[in-house]
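Here's the structure we're looking at; comments come further down.
So that you can tell them apart, the chains are marked A, B, C and D in the order they are listed, and the count of residues begins at 1 in each.
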Amino acid sequence: MNVKNSVLLGTLGRYSDRFHEFQPFKSLEDRLKTSAKIPRVHGVEPVYPQDIGHSGEQVELIQNADLPVSAVNVNVKGEAEFKYGSFTNPDQAVREKTVTYLKTAMDIAVDLGTNMVSVCPLIDGFDHAFQVDHSKQWQWFIEGLKGAAAHRDDVRISIEYKPFESRNHIIAPNMSTTLLACEQTGFKNVGVTMDVGHAISGGENPAAALALGHSMNRLFYVHFNDNDRRWDWDTLPGSVNLWETLETLYYVRKLNWSGWFAYDVFTRHGDPAEALDATFEIMENLNAFIDKIGMDTLQEMTETQQPAAAYRELIKAML
Amino acid sequence: MNVKNSVLLGTLGRYSDRFHEFQPFKSLEDRLKTSAKIPRVHGVEPVYPQDIGHSGEQVELIQNADLPVSAVNVNVKGEAEFKYGSFTNPDQAVREKTVTYLKTAMDIAVDLGTNMVSVCPLIDGFDHAFQVDHSKQWQWFIEGLKGAAAHRDDVRISIEYKPFESRNHIIAPNMSTTLLACEQTGFKNVGVTMDVGHAISGGENPAAALALGHSMNRLFYVHFNDNDRRWDWDTLPGSVNLWETLETLYYVRKLNWSGWFAYDVFTRHGDPAEALDATFEIMENLNAFIDKIGMDTLQEMTETQQPAAAYRELIKAML
Amino acid sequence: MNVKNSVLLGTLGRYSDRFHEFQPFKSLEDRLKTSAKIPRVHGVEPVYPQDIGHSGEQVELIQNADLPVSAVNVNVKGEAEFKYGSFTNPDQAVREKTVTYLKTAMDIAVDLGTNMVSVCPLIDGFDHAFQVDHSKQWQWFIEGLKGAAAHRDDVRISIEYKPFESRNHIIAPNMSTTLLACEQTGFKNVGVTMDVGHAISGGENPAAALALGHSMNRLFYVHFNDNDRRWDWDTLPGSVNLWETLETLYYVRKLNWSGWFAYDVFTRHGDPAEALDATFEIMENLNAFIDKIGMDTLQEMTETQQPAAAYRELIKAML
Amino acid sequence: MNVKNSVLLGTLGRYSDRFHEFQPFKSLEDRLKTSAKIPRVHGVEPVYPQDIGHSGEQVELIQNADLPVSAVNVNVKGEAEFKYGSFTNPDQAVREKTVTYLKTAMDIAVDLGTNMVSVCPLIDGFDHAFQVDHSKQWQWFIEGLKGAAAHRDDVRISIEYKPFESRNHIIAPNMSTTLLACEQTGFKNVGVTMDVGHAISGGENPAAALALGHSMNRLFYVHFNDNDRRWDWDTLPGSVNLWETLETLYYVRKLNWSGWFAYDVFTRHGDPAEALDATFEIMENLNAFIDKIGMDTLQEMTETQQPAAAYRELIKAML
């Protein structure tokens, strides 16, 4: 499996929900240093503009960290002007600003030695019936993506879908909607970041979603983490949906997909760097468990389609 | 609004879950007679082969009922040989039989005066991790649709998506996946039946889904009913998600969509025909409520994007 | 662990959902014979009146099978007269009939050598707002339980809770509501059947629910099976929520609970008896996996409360 | 209906999720002044210690606002030391501090002219299998409540239950568990705050939950707001589940419950005070809609149990 581990730099910083701050703020420098020390790490993903600076002020700091960059994460949701949306903001100026952010991040990505930006349009969508014009929202979303994709074809734009949060309904809630958007742009450099936890909280089977994205040559990036299907809790891979996590990994290998894995793992208890360390080891061990069973045996399960025999074998293999 | 009401003939027959039979079997003749008497009815949707007969033995009986046929519903899930799937059955012979069913139903549809068949692939998909080969399933699904669509271009095939039941994961779980499948067939006569209850139980906003399907010229048919987002309970339209039902109707009007509405409404208590009678009246009254507020006022809500003002007004309008 | 395996005789018979019959009808005699052959079986649970006969006509047949009876399952949901409820039916005659069923089943239980009846009030509750009088429903439910419990104190009545199906909201949807009902009866012989799948589909953590029921001396019976939290799919234990299933088993051991396990496992693909055979082996292997990690190690995890360390260790143990 | 409207002072302040700050910080003075200007307001609920000060430093400021206090909200989740829980913290010193907070707040409540404190134990519970000792957690929870309840019997402690957030599983997730806890304390001054949105996101029907709490004389407080059953979005009452909101109001009247209503309504778009203004008007109008239909007609619906007839009438009443 030709896959590398990236640290989403945000996962080492402040983590707070509406009621409690679980992890404190940490400087970019701290987070880069911490990342470098985690066993099995291959790279990092910094955030534009929060980590990088609006004009790339921190690019050199990141370059000096001597860790490959998997992608630049473009944050078009955090700042105040995005309150009513970024791609789908009713104000044209904000929509244009969103595209400018993407273009700038694409240029910076090249400076940072990567050919990918990732963007999660969490604030595009709606919360209520009768709140937005759905037809316009979709059109604006496609236009924004086109505007950015046309900027340069040597950098890929990877859209991270998610069903809800911050919006009750996000414009790109699942794999298929995101693939439709990609297709409608007409550009080959627009694709999908599949976050396994987002797939699960949206009711998808992540392996099936991954296979679909791959079949259309648009699976650009995979994020691992887990949750209980109710909310994107961002817990350790395999800590809830072990078999579906394993099946997803199995498909990565079966389809011979190569690229970066990253991990939206936020720990509320214990140290974030230790949580990432555990995450990387868990992924390695899940892979070893696949070997323990055997790729052929797993493939055979999908051909004989006998759940009782399959789970008898999967659980026996744990001993 | 240029929309007509169809009775899904199955809703007047036996209704049973795993534990209780709520409504008894009724003959086709009975169900046709009952349909004709329901106020505001414009047509019916019979099922192939259960209502119509494998070779169209009951076509004449249906024709004699003197009710327009909205579509022929092709059941590729009920019979024993579909246990492991229809479009996605690992056995090629069953996949071919599925296509044959569709073709036969398309021909019969023309005999019955309609240009549409509707098919809900409830038994295509999977229940467990490691149960099927997702890549093959998708490929088989597209191939089956192409095989049927090529049969004749004067009849439309409308795929009714649903997230789960009978399979834990159905191959066409939501609007976007179904639209992707339509696009991949390359045929214009393949489209979508949007069942509002399926949209809701799958976490979609039905109005947004409807607008997306319409924008791609693939929204062929709309079914109304409601549920509490946990399961496809098939209850009366507006009995749970009033505002989303209303918003869906509003989009039908705003987009000037025309065609058939049908109603997967199954009542566990009381008479099924009375439930459909109530359903048609509810739809008429929801429409009247839109007029009471005004299309322009509703459009304005989607432009100002102020939920507090919007719901203050929507609820005041109920008085 | 002093626990025995029972076969719910229904799991070997017909299994059908709204759209497909997955398993055919099988006679009681067949199902008893099949049960006796499943390795690791210790007993069976027959259904009153469907298996046993209204007046116990089949008691002898069951006795002759030479398998201990874990409990008599009292079905107060299947027959036509229970359409509007059993315990909570607005018609007093039906409520009385419900109590009579329970009393008769309690007497038959003794004849069959067990001191327990189990009852799952699936048809008691409601589907819609404004459909029932909630205060009356609760009162009737308690009265019915009291009426039955007073019949004889040497037989325990175990209420199997479930959040929904057949009703959208069942009167006893979770562990705590059921415990409240038990307490309000004032009888010690009223307790709870915890079905792990029902706990999961209702959003509970089954181990926490089990510990609560046990602390009040009202945990009478445990059913194992699994699902994806959306619906009671009745799949193999550990086939989805492996860690929660394991934690539940761990609590059974830690709390030194003893009694019968039964298994609502319904397979849609493959033979039901093989599915139960696999189920029993899976349970044995999950137990062995607990030993592989060690009870002390698991206890320590609950004391240190460090998820990253815990899941690192749990997953490493699979190799 | 003898019910008064309280402003939860937090709803006028900062509102931020993990990705965006939707509403800015506002001082207590500002929020008190704003509250006083909202039409139909009868009182406020300040938070201990964040609004009030650890030693009641702001009591006078609140008294001067000349608005009755519905209850003192005791926050035992926000501060750093509560990271591993408050009532259920493994560290005895933190558990004791939790009780001290409650006792202090009870005394301050009397100073502020109310006889109630409300507490929502959001950080008590767990996120993962094998993370906590469920038996100990429950015992600690009961002990903490007893310790506080014994402090003075002239002040009521109202526990606000919620299924999840901040913990994936909260110790008091639903009405029945909370009632069980109340009963186990043995104190009459321990009861329940029912937040309608929490009931809905936990799968409860709020009217049934309310009726159960009332029947045990433990329904102390009701919060209104709404959501789509997936997450506690805290949107306007009736903006999603109109009929269940209406049914809850109907039960308040039918059961002749009297007390305070408060409103966890957080608006992401538009002004918070306007959202509360709209909320109070919505509640008044929902009440008027009940009158439009008639209490007797609604009661009759619960007796005839015919959903088709009921929803036909409810929706017709909107015209």
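Note that in this section a residue touches a chain if its C-beta (ideal position, glycine included) is under 8 Å from a C-beta of that chain, and two chains touch if they have at least 3 such contacts.
Since this is a predicted model, take the numbers as computed values, not measurements.
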| item | value |
| --- | --- |
| Taking each chain's C-alpha mean as its centre, the one farthest from chain B | D |
| Copy pair chain B, chain D: interface residue numbering same or different (half cut) | same |
| Centroid distance [mean C-alpha coordinates] between chain B and chain A, Å | 34 |
| Chain A and chain C, separation of their C-alpha mean positions in angstrom | 40 |
| Multi-chain contact residues (two or more partners), chain C | 84, 127-128, 203, 228, 230, 235, 239, 243, 269, 305, 307, 311 |
| In the complex with chain B, residue positions of chain D that touch it | 203, 228-230, 235-236, 238-243, 267, 269-271, 274-275, 277-279, 281-282, 285-286, 288-289, 292, 305-309, 311-312, 315-319 |
| Interfacial residue positions of chain D with respect to chain A in the complex | 15-22, 77-78, 80, 82-84, 122-123, 127-128, 164-166, 168, 228, 230-231, 233, 235, 239-240, 268-269 |
| Residue numbers on chain C that touch chain D, as the complex places them | 84, 90, 126-135, 137-138, 163, 169, 173-177, 179-180, 183, 202-205, 207-208, 211-212, 215, 243-244, 246-247, 250-251, 255, 298-299, 301-303, 305, 307, 310-311, 314 |
